[in-house]
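Chain IDs A, B, C and D follow the sequence of writing; residue 1 opens each chain.
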Amino acid sequence: MAGSSFGTLFKLSTFGESHGPAIGGVIDGVPANIPLSIEDIQNELDRRKPGQSAIVTQRKESDTVQILSGIFEGKTTGTPIGFVIHNEDQKSKDYSHIKDAYRPSHADFTYDKKYGNRDYRGGGRSSARETASRVVAGAIAKQILENIGIDIVAYVDQVGSIKLGNEVDYNEIDNNPVRCPNGDVASEMEAFIKSVKKEGDTIGGSIKCEINHLPPGLGEPVFDKLHAELGKAMLSINAVKGFEYGSGFDAIAMRGSEHNDLFNPDGSTKTNNSGGIQGGISNGMPVTMRIAFKPVATIIPEQDSINKDGEMVKVAGKGRHDPCVVPRAVPIVEAMAAITILDFYLRNKAVSL
Amino acid sequence: MAGSSFGTLFKLSTFGESHGPAIGGVIDGVPANIPLSIEDIQNELDRRKPGQSAIVTQRKESDTVQILSGIFEGKTTGTPIGFVIHNEDQKSKDYSHIKDAYRPSHADFTYDKKYGNRDYRGGGRSSARETASRVVAGAIAKQILENIGIDIVAYVDQVGSIKLGNEVDYNEIDNNPVRCPNGDVASEMEAFIKSVKKEGDTIGGSIKCEINHLPPGLGEPVFDKLHAELGKAMLSINAVKGFEYGSGFDAIAMRGSEHNDLFNPDGSTKTNNSGGIQGGISNGMPVTMRIAFKPVATIIPEQDSINKDGEMVKVAGKGRHDPCVVPRAVPIVEAMAAITILDFYLRNKAVSL
Amino acid sequence: MAGSSFGTLFKLSTFGESHGPAIGGVIDGVPANIPLSIEDIQNELDRRKPGQSAIVTQRKESDTVQILSGIFEGKTTGTPIGFVIHNEDQKSKDYSHIKDAYRPSHADFTYDKKYGNRDYRGGGRSSARETASRVVAGAIAKQILENIGIDIVAYVDQVGSIKLGNEVDYNEIDNNPVRCPNGDVASEMEAFIKSVKKEGDTIGGSIKCEINHLPPGLGEPVFDKLHAELGKAMLSINAVKGFEYGSGFDAIAMRGSEHNDLFNPDGSTKTNNSGGIQGGISNGMPVTMRIAFKPVATIIPEQDSINKDGEMVKVAGKGRHDPCVVPRAVPIVEAMAAITILDFYLRNKAVSL
Amino acid sequence: MAGSSFGTLFKLSTFGESHGPAIGGVIDGVPANIPLSIEDIQNELDRRKPGQSAIVTQRKESDTVQILSGIFEGKTTGTPIGFVIHNEDQKSKDYSHIKDAYRPSHADFTYDKKYGNRDYRGGGRSSARETASRVVAGAIAKQILENIGIDIVAYVDQVGSIKLGNEVDYNEIDNNPVRCPNGDVASEMEAFIKSVKKEGDTIGGSIKCEINHLPPGLGEPVFDKLHAELGKAMLSINAVKGFEYGSGFDAIAMRGSEHNDLFNPDGSTKTNNSGGIQGGISNGMPVTMRIAFKPVATIIPEQDSINKDGEMVKVAGKGRHDPCVVPRAVPIVEAMAAITILDFYLRNKAVSL
């Protein structure tokens, strides 16, 4: 209940703080006899890791995953996969000056209020470093889903006010540091992120995610609707402020006569305002969603803030933060989508005998 | 796992279809010794019930709740509250003509694909009628939260392209059939809904919800962030297409220097882009969220569709549907917010000894 | 979390007190398209109901189940089955004299300590009346298991010191009011129970349960071992004091060389000390278990006790209680076994793709 | 759902096989700000570890725990405690001869049937080695419970037919390798175990466990009764065949008039047949239970068995196994009791506001 587990039949439990010896997790409910490539898991981690380009944080972490159980002779055994990622960039330094300061729009204040203590050496448990464990589980889920024929792709579709248009080439996504599927727009976004970084500031962005070749029938009625769990999955990622699927917020101004997706004889639909989900259950069309990320709270300029005793203090960033979170968030979004979808796939097997 | 339960310590499990004898549920984990007013529960149901105004469905349902357990001598006992709401408007009629037809953008197709069967007498389990059970649980949660001093308010802030501006008077909300906190805007929305209805069409809308006087510390780190569960709660409501909190989708185009909420000496913040939540945990500021609803799929004009065998058929609405879902969805949003918040309030009691 | 739910994929949530308007429950995760006989459900309830013979309580309850959802045209739809059983024997009488008295070895004291209140009109939520809801869910699970070919049988094997020997005829079980599979032993037990009843006293007993034709592979390693969940299921029944499976407590004095079950070439075993379970997982042999029940706490002779204020009071039974609980507990044991097994059957479907 | 987690608010998830690189786990829901002694955790592990005396397995494992998160400056932070124990005694050897053989009364056959594969290098996930992770979580729970004043003690009360009588001295428990609280009986048991070992055979045993100073009110009505969860906890330990609490199986032959526990004016009871639990809820008296363990399945003499293809093969133990499991199981029983009790303690905090 303490909130560090996700999923029901395919379930990830994570542990670890940014400045402890290691982060990691346990993945329970992995189907048996699936060949898994550790290299592919590491590749996904590399897409998330710090220092991969000039527009992300320059913290030094190799983020090397070590699998401790659940895989034997290259295949899953059906028993839990335990794994760790050692923290490497945990310098012992003097934290006394910031120990009691609450950084604006960080989780320092809320953790302290909740637990009566705080790991002041960094974000502690609230650090986005925790998402590396999700990427490990997601990479495993992705490999399993690929076996079934389901594929998941995410990409940056907006940075600040710069929006991706209709020209989209999925092959471009990992060809640029922004992970935008259009080289020209990517260049524009990259230049903008660099200029924001130069000012010591940060900028928001958004990510689109598509799930293709999903069989109809995934998702449960009522509370555990497919999009409700996907929404929770995405909203649980650090810095996310909003989630929509299919027509999303645009549906507010639409009429039923234009929003309804008419059927083709084969059961597919002519339009996809439903975003692949009707009544909380997949209909076989692509599941489409969009996730909004706020600008990172750490900025270079000095800000007024308070400490534990309510006294005014000054806080300032040190420069090793992301100016824009979305390029590194792409593999995290894919990971959470994969974990969620595999869980529903397994749940759906219990619907009929 | 089958998705008909919500919550962990305060948990609602619902049952029931639109055309069966009754809907209802079990609420487990209700704290003991709380005086409950059945009248207040019924009042919330009346805010959701059909036929309450000219701009909602004219189905005839009194939606009278009957409490079967868990309350003794006017107070909660701590044991589960079981309840039923009998379905009254279930005429026995001939469904043979629509039995195999899939209505566009309804859940007919997906339920059939998932379960290999479908209750063709109406939406069955996918009918928004199920949400009446949520309103019962939510009304109970609201009464308990009021005892603690937490209050929840929701209202319509957009219908089609008509938006609520800055002039907001909460006292107006239940003074108009739209549930918009501005009489003039409400009149405009009402007229618009009527004109849409006249055309046999439907229109989308959105609802804002605020939770006030929430103590800091609610919400769990990582997966069960406060806004992630609120997001799931809202996305699980029929017709919802999107969820945002605090700055929401506007955060995409914002910079950290403008988005950060600076502290006042008392720990409150000068702005509230965080929407009352930082790192997934409440900070004591109002929690603010916005929920997007699509236009109802049932429309009067005949639409092309398919049947079970993939043959083209014509389907048409009969007129007893909501032209716009948001007026009746206001109490449902409040209910889901109340259930979610009470659950986190109870979970937070286990954090320290 | 409040403890009124059982199962993971096939999940029962119950509500109701002995003296409220009704008891009932929600069964979620029922596989779709299974024909269900309401008559067979009622038959199981009739095996549990009061007044069925001279050796059980003479309370008057018809225990008629009413199904409210989840069954359409005689088959399960895959959506939750909601049901109620109305309480009929709830006379309005004056409880003031016993309102504050704690009956020895009942749950009066502990409920009051836990909740700060108590439904003094009877056992309230602690009444074994709640188990009628389990029998409904169990009867449904049994019908589904029968479709798969799994069958469950329970019977009384001891009352006081009278033990069933090796002569067992399953056809005898429902031929006598004790539910003992040997007519002669049954008569002896019946006579003994009557003599105990005459004295106003009560007596303990035990029940054996066998699950046959279970496929190998059910049960999960580590915490959710098949026998661990069966143990929890049985220990959750009112008045149960102990659980053993296979060799059980006899294993304490056995050597490995005599306890080990050697294989036949077909994978079956020559002996079954394992009770059909190895490493927490079914091996295809019959699952065998034995459950110990204490004597009912309500006795006719006056007993010393205390009230809420710690003052000494006298309490005495009124005569409408079971002199021995095991005859009516047989269908409850079968019900809990069926619910548990069906849940594991469904869980096992998620093990491989 | 895959069965590797235990607990609701205080929750342990474990991973690891006997012959992989490491075992370990995640403990979520640890209350914040509790000082924890790593040394005390290691002490409990040392009570379980191989090679501690002549009557246990001589496998060489230091069983050193490494804490990876959740503790900062000597206190719990409220975030998950991740930990690992590296496997040291995993020689690379040739397993080809036993690769396909099923050892009698082991889990080889059932794992293979369930998963379609098996880690043939040892017990894999079914090895009792997994219980070391439980001892870590249990040691943490014990320290937290000691802060509240609750203490838990377990000891061996029977080996084969040798029973502990009424002379019990808790101080003796860790003074002898059997962990029996009577030096003379312990010597007799020790000699007997040695003689059984000499024959290459194994012997069963039983453990008693007492929980003292438990406040009244722990445990949930209906399914999650205190003794039902304790029963599941104990039955989930390798080699356990039975569980009883209070009067246990003796209650079968008792009358209500002798079984009922009469109250003292302070709410305590004159006898404790209830074993500290009434209606599934603690009453403040000591919780007492007894757990039956079968003889270890690995024996030295050659046994007939089968392989994957149903061919008859011979299998024989190699000598590095426990001749009797109960001495090393004492800390495991205490660990599972502590985890269960702390979970209910936390759950009980959500009962009232």
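Assume contacts are C-beta pairs under 8 Å (C-beta built on N, C-alpha and C of every residue); 3 or more make two chains touch, one makes a residue touch a chain.
Note that the coordinates shown come from a computational prediction; the quantities given were computed from them, not determined experimentally.
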Smallest count of steps, each to a touching chain, taking subunit B to subunit D: 1
Taking each chain's C-alpha mean as its centre, the one farthest from subunit D: B
Same-interface partner of B-D, chosen from the options C-D, B-C or A-C, over half of the pairs matching: A-C
Chain pair with the higher count of C-beta pairs in contact (A-D, A-B): A-B
For subunit A paired with subunit C, centre-to-centre distance based on mean C-alpha positions, whole Å: 46
Inter-chain centre distance, subunit A versus subunit D - centres from mean C-alpha coordinates, in Å: 38
Where subunit A and subunit B are represented by their mean Cα positions, the distance between them in whole Å: 27
For subunit B, residues that touch 2 or more chains besides their own: 1-5, 8-9, 14, 29, 32-33, 78-79, 114-116, 125, 221, 347, 350-352
Interface residues, subunit C side, partner subunit B - complex: 1-5, 8-9, 11, 13-17, 20-26, 28-30, 32-33, 66, 68-70, 72, 75, 77-82, 84, 114-117, 119, 124-125
Residue numbers on subunit D that touch subunit C, as the complex places them: 1-6, 8-9, 14, 102, 104-107, 109-111, 113-116, 125-126, 130, 158, 160-161, 196, 201-206, 216-217, 219-225, 227-229, 231-233, 235-236, 241-249, 251-257, 259-267, 269, 273-275, 277-284, 292-299, 301, 303-306, 310-312, 347-348, 350-352
Residue ranges of subunit C touching subunit A (in the complex, touch as defined): 1, 8-9, 29, 31-34, 78-79, 144, 147-148, 221, 346-347, 349-353
